[in-house]
Amino acid sequence: MGKTIRVTVWNEFRHEQNEKHEASKVYPEGMHAVIAAALAKEPDFEVRTATLDEPEHGLTEEVLANTDVLTWWGHAAHQEVQETIVERVHQRVLLDGMGIILLHSAHYSKIFKKLMGTTCSLKWREVGEKERLWIVEPGHPIATGLVDYFEVPHTEMYGERFDIPAPDTLVFVSWFQGGEVFRSGCCYHRGNGKVFYFRPGHETFPIYYQPEVQRVLINACRWAAPNGAPNPTFGNRKPLEEF
Amino acid sequence: MGKTIRVTVWNEFRHEQNEKHEASKVYPEGMHAVIAAALAKEPDFEVRTATLDEPEHGLTEEVLANTDVLTWWGHAAHQEVQETIVERVHQRVLLDGMGIILLHSAHYSKIFKKLMGTTCSLKWREVGEKERLWIVEPGHPIATGLVDYFEVPHTEMYGERFDIPAPDTLVFVSWFQGGEVFRSGCCYHRGNGKVFYFRPGHETFPIYYQPEVQRVLINACRWAAPNGAPNPTFGNRKPLEEF
Amino acid sequence: MGKTIRVTVWNEFRHEQNEKHEASKVYPEGMHAVIAAALAKEPDFEVRTATLDEPEHGLTEEVLANTDVLTWWGHAAHQEVQETIVERVHQRVLLDGMGIILLHSAHYSKIFKKLMGTTCSLKWREVGEKERLWIVEPGHPIATGLVDYFEVPHTEMYGERFDIPAPDTLVFVSWFQGGEVFRSGCCYHRGNGKVFYFRPGHETFPIYYQPEVQRVLINACRWAAPNGAPNPTFGNRKPLEEF
Amino acid sequence: MGKTIRVTVWNEFRHEQNEKHEASKVYPEGMHAVIAAALAKEPDFEVRTATLDEPEHGLTEEVLANTDVLTWWGHAAHQEVQETIVERVHQRVLLDGMGIILLHSAHYSKIFKKLMGTTCSLKWREVGEKERLWIVEPGHPIATGLVDYFEVPHTEMYGERFDIPAPDTLVFVSWFQGGEVFRSGCCYHRGNGKVFYFRPGHETFPIYYQPEVQRVLINACRWAAPNGAPNPTFGNRKPLEEF
């Protein structure tokens, strides 16, 4: 309540730096810049960014130690993310309760697959069709401020079967013009941390400029913020009772 | 395994008996007759039917005591179902583990609302549009024999928000031509019993003749059959340990 | 964030008014007074109380319209709670998203059974044994500020099988000296609202004075507060897409 | 239904081959021999065994291709299991729907941690105390034939917080003499496959000789058997609808 939430917006940031790529026109400063700007309007959010090509991908021990919620966008360079950084993020989620929000093509990131334990595969199509996200759990914090559904006018399609564990809570289900559906907003507890997968977003459609999408990202950061639980203690224990 | 599953197919059976109603042409013997015939082809199924206008709605103590799985279709006459029978079915599910499969407009039946504890409301439209049911949990017994998706060419639309408890397992999600989605195959444990809500079906579209729909009904009966657990024992207990 | 949470603490308040009952010594002003005092220390909580013997059980339309979270303690007089009030509370949870927290013997209240759809039965014993509540989901908001477990030195035992729907999230599991276990902290979404069942509490053991128990109640009120979702709209709809 | 279930019982099989280890007396042929013998009594089960020190740990492509359900016991040599075999088992579960049953100390096996995505850590104590497993979902197939609870007279304790994803279905919760509780029977869908973690079992306590434990293992094999779903197809798709 009133506590500052420190968000680190991570981006692969490759498409946008390629002048020949359409992404450089839609997101000239990178998707992370647009996302970070949207989040930074919240008075209780403290937002920084980090990208793949920074040393340690911008995710040093020090940065992670000062991150309550990490948002993650990756696509073409999942394989370039170093195992040690993946491991570091994984531990930070499980042990310290850092929240993590996986965006769109991050369904195939190493960290999401490691957290889920499944292939995280899906069907896809890139023809710019319409998507309509229906709210199936309207009382959930991540649905705050939204009513019934919202639309993304042009997007890449992701379709079921999405090979993930059934979410602890399913918040959004997408309808696509081409005939598919998708579980688009999926909440998980993992270790001390919270994980949210959010489907919308793309490097060349201006989806992260949409107010409804920004609304969800803000809500998700609040929901995913750690509750301050200490590192769990495991291992050998003396009995608490005599017998 | 190899054990006989005794199924009672319950139907409101009003639309079909009204000669002026289109239902009387599509299902001249009633929907229950078509459903029962499909189920009766399974060598280990023993199938009977029951309808609203029979004494005790055909659901006497004796019938229920000999029913492993009850399927339920109702629409226009939910309010005519007597409370004592609803209570009897409810107890038979919770205490004896009888499976119950709620079909289409049975989302608004007294028994489903009583089992769910919510309004079970939804959005709807009756223009004969196309529905495509996507399998989101392909390894679940109720999805056996189906691949990826199946279509219902003309149907009534049901759309989210469907006000139900989040299912224990979500097996199907529907796409509708008009732009909606729906959680169409929902599994629940309630008491000793299992509950399955299955969206497809309608009094004037010939949906219960579809092989995929019949496949799901057969699978659902197998899944919902009781495991033989005795009535749970509750109440005052002596300690199991000294202290 | 910073928004006031209006809590109504409801109590049957019969045991405590009976001078011959031990409860009158442990909770001379009623359990609701102790619970309300604990909650009222939170600067963002606005707390009132209501009891069975007030007109409309203290739960008028106006009171409920100004309640974000209702806590409920009942035991001997569940049957005296009027159906109209139960219905009113039920609708307020499902439609308006009011949170509801059911305490101890409220497992058998009409409103809890109505929300759950099951018998809500359990095993019990009243010999004053020790209970230890283990945190099984430490990152959940309701576990905030607690570590590993906490103990209730003397309590009534409740044991499994507890006939409830599997919770959306299970936060606490109890160990009892006499040999039983119990799912003691159970979270549910129902309609627009959130429901939390919390086992600890009793009319003659001073459990609601315990800081850990008060901590859970405060956390649960925050978690259960509505997210402001409007009443869901259901019913007939025009297509959103042409076809 | 009546279909043969091919079970492979895998065991680390080190403790039992060490003549100085108590395990060699309790399980002279190995725990796998006792488990396999119990399962082989089921007329529809076809049972084989495999152990760590066989080539490819006895889990060749051919063996896995002919395995419907794999049970796994490991303890001291988790690190010796080759990554390629772990990957092979993982793929066989996710893609082909092979069931996998993880036993006791297999909570720390590579395959379980990979499937869960969490640390799978817990508290433990080895003093031979009593465990009582309570059935919290009596209608579940894995609880078939059991009533209320069963006891393991002497065992190693495992205590919460058990760092796993919340199970899709929680079937058993354990009570321990020393004061802890544990989620002892945990069901998951992962990919096309089903996963069951079952806590009881130990290298020196004769737990796998217990009829109730054998009952659970038989039930779990039936529940976890694949439903025949084909390998899911993912990747690029043409629209199913024109627009």
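Note that the chains take the letters A, B, C and D in the order they are written out, and that residue 1 is the start of every chain.
Following the convention adopted for this analysis, a residue touches a chain if its C-beta (ideal position, glycine included) is under 8 Å from a C-beta of that chain, and two chains touch if they have at least 3 such contacts.
Just so it is clear, the structure is predicted and the values come from calculations on it, not from any experiment.
Interface comparison, A-B versus B-C: the higher number of contacting C-beta pairs is recorded for B-C.
Using the average of C-alpha coordinates as each chain's centre, C ends up farthest from chain D.
Distance between chain A and chain B, defined via averaged C-alpha coordinates, is recorded as 37 Å. Centre-to-centre, using mean CA coordinates, chain B is 32 Å away from chain C. Under the contact definition stated at the top, the residues of chain C that touch 2 or more other chains are 132, 137-138, 148, 159, 161, 166, 168-169, 177, 179-180, 189, 191, 232-233, 240-241. Of all residues in chain A, only 1-2, 44, 97, 132, 137-141, 143-145, 147-148, 168-169, 177, 189, 191-194, 222, 226-230, 232-233, 240-241 touch chain C in the complex they form. Of all the residues in chain D, the ones that touch chain A in their complex are 94-95, 114-119, 121-125, 127, 129-130, 157, 159, 161, 163, 165-166, 168, 177-180, 188-191, 232-241, 243.
Here chain B touches chain A in the complex through residues 132, 134-138, 148, 159-162, 166, 169-170, 173-176, 179-181, 183, going by the rule given at the top.
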